[in-house]
Every structure is written in C-alpha cells, then in structure tokens.
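The structure that follows is given in the form of structure tokens.
Chain lettering (A, B, C and D) follows the sequence in which the chains are written, and residue indices restart at 1 in each chain.
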C-alpha cells in the first residue's frame, strides 16, 4: 500500500529487459551510439514532429537546463506558485540560469489562466531595467495538483508567452499520465498547442532513470549540448538511458503503464468516495488529493499504508473538520489492485 | 578490437543482474532506500574508514561538485594541465564553482611533483587580492597518461596542500585500475596518503552509470547534499545506482574487472613491443600509449580496430618518425583475449 | 519641485569639497590609502563598535554582495515582498549568490512581523532537501513604504533569524533618514538590536557614489574582500569614495542632511493634509505616500513637479476614489522650502 | 617619486572641476541625465563612429562584463597569459561568464600573433563537446608589458577571431597612453582594425573612477544594460561619472594627460639608459620595464621612490646579473619632471 509517490516504484519488466540487453557489446559513448540515435526517431514518431532529444539524469536537471537555455541577465520565469520548480528543486533553476528568478503565480488546480500569466509578465516591462525581464513561461503536466492541462488551456498560455517573444516550457514529469488520462495525443498536448520545450519524464512511470529535454524546433536547440555537458549531465554510456526509453516508447508501453497507474488512482478514488471521503477533484491522472477521517488515516498508516499529509492551500475543498486530514495518494505502474482494495477495506472498516 | 576508450564497453553480468533484481518492489526514493544505505557501508568496508558517499550521474559531475564544495570567491584549483578537469569537462568545474579557475601545471606522466604544486600555490598569496586564492589541489588516479600515483607521491602533494589548509581531491575515474595495477589497498591510495575527497568511478569499469563523491571525513561533507540536489544530480530511484555499486564492490568484483582490463592492456603492450612498436611507459593500468608504424595503424583501422591518435605532448618518447603515429589504446573489463591477439596479429603482419 | 526620488539630487557642498581635496597627491590604491583607513575608524565611532567596512559602487552591489557572503547551495533569503531586493535589483541577489532565492513575505509598512519571518523559515526545514534552506533574513531601513524600524522590531526579527543560525542583514539605503527621523543612535538601530551586516547608503543623501557594506563582527567579514574584488567592485582610487564618507560622517553632516530631507517631507505632508489630501502614514523619514486629487496631481506635473504614481498594494489606505491618485513623494537633502511651498500652493489652488 | 602604478595618482584639475560643477541641481538618475547622454555623443565623436557606452565602476568590471555579454556554456576566452584578465581580476571574468575559462597564450611584449590565436582556437573545435568552445578573443592596449598594438597587428588577430564568428575585445585600461604614444586615431586603434568592444579606462589617466564598456555596433549591445544592472554596476547618480568623462574627452584633455605621462616615462627611460641601466623595450606609453643595479634600486627605495620588482618572464632581456634587479616603473599624468630628475640623479649617484 505504497501511495507516497510514484518514484517509490521500481522499473517495468520491459524496461529491465531492455537495459539488460543493452549491456552486451561495444557502443560509441556520449550519445553517439545507435540506440540513442534510434530513440530520437522514436520520440519524433510519438510526437509526430521533428525533435531534438537530450537525456539527463533527473527531472530537476531537465527543468533547470531547459529553462537555462533561454536565460538572460535578470531573467524571470513565470510558473505556478506550487510547481515543482518552486517547491522541490532546491534552487536548481536559479543556479543553472545564473540567477534566474521564479515568479510563482496562483491558479486553481495548478492551471494558470492566461490573464494571470499576462499580468505577471506585465510587471516586467522591457524598459524597466530594475525589475528584470521575463525569459520563459513554464507549466506542469500533470500539475502538482494532479490536473491535466487541456490543449485550449495550453494554447491560451502559449499565445501570451509567444506574444512577448517567450518560449513555453512544460514540465512533463507525469506527461504519460496526462496523455493516458486525457486520451489526447502527445502532439496535441505539446507543440500543436504551442509548447516549445518539454521535460519528458520516464522515471516515475516505470523507468529507472530516464529523463529527457525535448525541443520541438531542432534549430532552437543549438548549443544545448554544451549546456548539458557543462552541467555534468552527459552520460558516457548513453545506451543505458536510450534502452529504457526505447522499451518505454515501444508499442505504447509508456501509455499502458500510465493507464494502469491512472486506473488504480481512479479505483482508489472511487473507494474513498464510497467510504465517505471527499476528493479535491476527479483525478486526471495518477494523483489523488483527498479528505479522510483522521482515525482512518491513522489506522491505514499503522497497517503499512504509506502516503503523505498535504497542505490544503490551493485546493478547492471545504474546510477540514477537526477529525479530518488532507492527504495525497499517488498510484504507479506497479500499484496492484490488491493494494488498492486492501486500502479501501481498511478505510471502510 | 575496440580500444578507443573503456566507456565503449557495456556492463558486467553481475551489475546487470543486480540492477534487474533491484527493479522489483517499492523503495524509499532520493537515497533513503536500504540498498543505498547498505552501499555506504560497503564503501566504508572497502576503504577501511568512515565515508560519506554521494551518487552522481557522471564523472564530470563528481569532479565538479566535489571541487565546488570547497569553492571560494576567486578560488583556484591546482591540477595537471592535461587532466580531465582541464581537457574534457567543458567548463563544468568553473561553472559549479561559480567561477573557479583551473590552474594546470606540468608533470611527467600526469604526476605532479610537490615542488610544482607548491610553486603554483605560491603564486596565489593570501594577501594578493588580485590573483585569486587557491581552493583545492586535484590529482587523477590513473592519470591521463595511464600512470598510477603511489602513496608516497600522493602524500607528498597532500602535505603541500594541507600545509596551505587546502583539501586534496582525487579524480578516480579509473581508480579500480590503479588499485588492481598497484596491488595496494584503496585506503593506502586515498585517505592514508592524505586524500580528502575522491571521485569514485564505476562506469568505465563495468557499471552502467555509477559515479560517487566519497568524503573521508563525514563532517566535511555537511551541506554537500544541497550542492548535489541543486545540481540536478540526486536520483529519485537511487536504488538503481546503489545496485550497481553493491554488485561492483561485492567480493572484489570491481578489482576482478579492473584486473582483467589491466591484463589485456599488458598483453597488448607485450604484443606491440614484440612487433617492434614502442610504449611511452609500462602500463600501470588499462591504458597504453604507443608508437606504431603508420602503415600498421592504418591496416588495423581498416580491419575494424578502433583507437585514437594522440598528441605526444607530455610523454617521454623519442620524436616520431615520418612513418610513425602515436596512439592511445584502452582495454576494458569486456576486452577479450581474441581481440588483443587479432590486433597483435594484424600489427605483426 | 523634484520629488521623484532622492537620487535626483546632486552632492552636498562638503562632500564636493572633500572629493576635490582628495584629488591632489599620491595615495596607495585599492583601499590601502590613509583616507580609506581613517574612514573605517569614523564608521566605528559612529556605530560605537568595531566594524569592517567595504566600499562598493551601488546599493544593489552592497545588498547583493552582503547576502552572497552568506549564500549556500539552495539558499533562500527571507525579505519583504516589496523590498528593493525583490523589486529593483534585476536579479543581482540571485546572481551573486549563485542562485539564491528571495522569499518575499508581507508586512504592513514594509515591517516584517517575527511570526511572519518564523513561518517563512519553517517552510525550509533542514531535513527537507528539496525546498532549499534559508541563508539570511533581510530588512530595509527605511522600508520601501518609508517607515523606520524600531529597535524592538529589529530585535524581534533578529531573534528569529539568530535562532535558526542565520544572519540579519539591513538594507540601509536610507539609513541616515531613519536615524534622523527616529532620533535613535546608529548602534541602537543596528548591532545592539541584532543586525549583523548593514548596507550603508550615502549616495541618496548627499554623496556622489558612496555605498558600503558594514560588518559588525570583523571576523565574520573574512574573505569578503575576495567577494568584492571578484565582483569588480574594488575601486583602485578608493580615496574618492573615502573622501565622500569622511565628509559625510564628520560632525554629523550625514544627519544634518537627512534631517533636512525629513523636515521637507514633513512640511510637504502637512501641506498635503492642509489641502485635504490623505497620507498613508505619518512619515518617519523623507518619503511620503499620499492620495491626491487627480486634477491637482496633473496640474502639479504640468507646472514641473516630478513625482511618481504608486501602487496602493500594501498600504493602509481607504480605496481610491475615481478622481484620486496615489503617489510617492521623496524629499532630499537638496530640497528647498520654496519648492515645497510652491508644491503646496499649486496643490491648494 | 611614485612609479608604482598610475592608479596612485589623484585626478586632474579639469576632472575635479567638472565633478564639482555636476553636483548642483537635479538630474534624472540611472544614466538618463543629459550629461550622460552628452558623453555618449562625445565618445562617438572621439571614435568617429556610432557607439553604445556603458559606465561601470572599475576596469575589472568593464572587462568581465564585456566578455560576459558574449559568454556561452563552456565558453573560453583567448587572451595573453600575462593579461590583467588572467593575473589581476580574481576570477571576475570566470564569475560573470558563469564559468568562462581564460585560455592564456604567449606572445612577446604582450602582443598575440594571429597564428598563436588561431592555434588556440583550433583546440576548441565546435564538434568537440568536451573541450568547451571559444567565445571571444581579448587583447590589451597597452599590453601588460607596456607595448602598444598597431592597427595591422590588431587587424590580423581580428581576422582570426571574426573568421570563427567571435568578437574581439580590447582591454583599454591604458588606451589613452596608446593613442598618445602611437599618434594614431582612436578609430584606427579600434573598430577600423576590427575591435568590437572596448573597455575604455579613464581612472588611471586622471579620472577618479571612470570606466566604460564601448560597443561599436549599437545593435550588438542589446541586453547589456541588464548585464550591467544585474552586476550592481549601474550608478544612480551617473552624472558624476559622466562629468569625469566629459572633461576627460573635451579638447583632447585625455591625450594631453596621457602625453605627459608618456613623456615622463620616456624621460625616465633616457635617464636609466644614461646611467647604464637596460630597458626591456623602448616604451610605447607610460610603462617602463628596466634592469637596474640592485644597489641603486635599494638606494632609490630608501630615498622614497616607490616601484615594484617584476618577474622577467616574457620579456626580451638578457639574464639578470646577481647584482641586478628587474623593475616596473609607471609614470602618470601627475608625474612631475622633478620627480623623474631626482630619480635619475639618485640612480646615477
């Protein structure tokens, strides 16, 4: 009953097999191996578009380096105040951008309204030297609240960013869950809606350590290979990341994994509702935010369930009662129905 | 016949098995899993000393972050002019140290004489604000010329560094080959000789991507976890690096792998000598630098051998004849006797 | 009728004379001249405490370098959301701290409540690697709202900062106005209340370009000379900054200048009140924030008055009427009574 | 008898008068005052070309920010191994360029041969990710050896830089002395010979603190105002730097000052020769490098002469005798004939 985070899970069998298979024989290092080259083609196929793909070690690196590519002196990135960038990356975006500032703004469910973004950008007028100047807009798919951005929402924010000459970055640590959850195409959720650069995460969804920065305009990516190398993020045995992505993207394996995680979250949500708990929202992906009776939450933890209490700030829920707690529950590709059902049973007890 | 670099090899079977085995079941993320904790104990056992161990993605990251931990404004790192830091890391040490300067000095075979280090340090007097100030001394084991530092040599440089209050860093990308080649203990080659922090490389010697920064005084390491996290180098599924290291260090597997690589280099060296080629030096590890007849080198490449021409600067060899080339040849854990023998046969033909 | 900012004024006659007098004859460069040394003693006398004093070119440099001295990887500075650090320094604090984050919090009149600071600090728990970690608390004297911190207020925030092992920095761009306005001693407003490091501004109050970072514990300042030099902020002809400060601090000249500016602001405030305008607060120093009839403000601008419209956010004023504007008015050492009276006459017309 | 450095001198009377005159009355801050605007026109006139001019506080800032404007990840600046950048700026170029590396190369008298620059650039091939990539070439006028670059020499290096798409930066800390010494026009010594950006120094030659970054293509300068502001180098009372430059550039005052300094150096050089001393070279400007009898140097210092012993490395002089010393002697605008003659008399005694 591990619902703490999807990064508590291991790796899918297909990914493990691919990594093991990649171990034999020689290969050119530093991303010039045939497997790495093939993966770029696989990404292009998945996104129905040319791409430049750069593997990195972590999601933090993907986000920070993608934004650093667009950094300027005094640069400011507009993003959600609860985003991973702001809350969980220990200053990496600031560091790699040589002092980039994150300007966190509010939005229900982690979704930014175009007017909110426009207002934030307007605070950094090009002629106001002292305030700094915007360098990018960043959104998260899924959001930190577990919500999936829809194409029209993305496009509206992209229009604001592009109107100021700024790129739109998407933190896709849980991009697979968003694709599986919405049933929309990777293309519709990215470049067709105006996303310029994507942090594509595989680690949380069945890979071991497979993250990539994906540019949808290869020309724009020029020089990024130096940004990555200078960051100590160029793997010499790139094949072992490539193998993970190859298996991950093959025959929709990534969407099968994410679809399972999403289904487990939905099953869990239904069980919580059935037991009288409240959900902050219907889950779009594999994350649930729920109000539980404190006594039930305590019992679950005693029985071995792992999940985190969560701040209610930013969620659309009625105030908690004194005997209630607000929690986050995350399902993964490895979550089993039995775990969910045991959780449900303990909750209802 | 791949002798281009040891990072052209894949991963050892034991490492692959360990990674596969680690894929099942849940584990705490971000290095708080039991496997990661166990690996720290394994390192302590190998080094016969307390250690603080931090996994990172690449050797460049290990070196740059280790040195950044000691960085100061205007800081300067004394190292060999041909070191990996200087030649191959695209400014990562400078970047992570917020402007650290590398001061490369000369030394035969990549070994720095204590007097050379002392002279370099003397150029940065504490009262001379304008020159900057030294922040660390760094050496490489093996050196870029394939030579192993001996304890007395290390201790002599450590004494100079410590005399100025500076730490001694060792880039151990090929530390295993040095241990196997010298037959000395890991302890003798590090903390017993005055090394304060080690970049411990596993990738080149049979791992997939396993590098670690090892501090020999746990107190000194305080705060480094933030340096690593801010660098985007904290793996969420740390278990997959831990699994590699666990297999690597178990029952001397790492030394068996390195010993094989060294033996293959020795066999290759003997074959070159037998065929009339010249070696720059007797190999201490798995790297050879040799003068070959140009015609033989060309024939080998035509037949599929992969190796690089190399600049002669810094090597103690007689000037090349017009029909000679200088090359680097690197053996790995995966090099097979047949490859070496085929190389030898083609060379002698 | 220049009330746009105190940096529109020139320099006081005493400062000009001192600079001119310093121009003759040789002097050791880079701060080793006798005048610079004498100024450190003058600062010690003014503050009744040992000090380490470092001249820099601008207030932005003073703030950014003072905070950089305490920076750590993932470091966060708690300050007011409307502070100069946040609003007007184009990312300098972030840049010089190699990625320092500013965490702006609210407080009426620019004053931070200790509970607010404590709550902000609590978000960065030492064991929560992902959030970063606090590195300093910074307050502004005067605040951006023109309010002077009182010793008890400073001491309360200092206690919170020190309780976490953090230094308290004070941005004293208008420190002279605060001292003159409160009638309290420089010592009471700084180290006696727990301030560790002060950006001491002279430029806005009658100097040409004279800013200093003042540490109240000389030991703490160790290494700062490299931070300054690396920032390109070490003047070779330091005597010309020293001369400004020498004249500025001599015989209370700095307080006479500030006292005049404050008196002019008070006179202006009285005139505004008399004409039916509203003040956001009684001025503590040389800054006024006032609600004026729009028609009067327009007339004043037409007649040559210079001042800025200002956002009302954070000020304790009743909502503006449709025919009202909110403005900032700043008096300086050079403001003349006639200017104030002419402004008053035009306002009342 | 101050020959230690030209920054031991004060300021010229005309500069002092201009600064004093600028102190009266209000002026727009942050470089939007009429005096600052007028100075840009004065620079354009001096250089017979459009310019974008940015005042900064120090020569170190001018160099470091000019180069930072062109910085890239993994960027490397080719310059002389004895340049001020390398020897005297405590890592400022590395810091402001977020890790820029300085690649110092040799050249007699501080002059770089185009072949030397080309060879250095060739070490950083665009396809060799690991080595980094060149971002600029920088030369010094006068060189650190006191030699003036001639237009053909500049143009030859500029051609190499531009051939690689790189800008040519000139550190003009003693640009005035070079112009006065060669009798060539500012235009011929800069943009007509291919210089793209100049650090124009006034401080050493009669100003108090007046340094500027001058771009010869205004379009190229775009964004530099943020680089400067973020560096804490934007003076609020810009008029006081502008006043210095206005007086400095008016009616050739700067060249009169430099001409005097150069003449004093020449007079000193003649006296040294007459007394049997040796000069490393005929001075092009205000710096002499000379071999003196040790006994004479000691006597001079006892009598109050101030000058520095200097390393002979890089100078074209016969080996020193045991009773000889090598020294640097710098004249300034403030050097008086009597000082030179007294030095000469003591030397000959």
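Before moving on, here are some points about what is shown:
Quick note on the criterion: a contact is a pair of C-beta atoms (placed from the backbone, for glycine too) under 8 Å apart; a residue touches a chain by one contact, two chains touch by 3 or more.
Remember, it's a predicted structure, so these values are computed and weren't measured experimentally.
Using CA-based centroids throughout, the chain positioned farthest away from subunit B is C.
Of all residue numbers that take part in the contact between subunit C and subunit D, over half occur on both sides, making this a same-residue interface. Between A-B and A-D, more contacting C-beta pairs join the chains of A-B. The centroid of the Cα atoms in subunit A and the matching centroid in subunit C are 42 Å apart. Centre-to-centre separation between subunit A and subunit B, using Cα means, comes to 35 Å.
We define each chain's centre as the mean of its Cα atoms; on that basis subunit A and subunit D are separated by 51 Å.
Contact of a single residue of subunit A with at least two other chains is seen at positions 30, 73-74, 89-92, 95-96, 98-99, 129-130, 132, 226, 229-230, 234. Touching subunit B in their complex are the following residues of subunit A: 2, 5, 7-13, 15-16, 19-20, 22-30, 56-62, 64-65, 89-92, 95-96, 203-204, 208-209, 226, 229-237, 239-241, 306, 334. Within the complex, the subunit C residues that touch subunit B are 30, 72-74, 98-99, 129-130, 132-133, 223, 225-227, 229-230, 234. Contact residues of subunit D toward subunit B in the complex are 73-76, 87-92, 94-102, 129-132.
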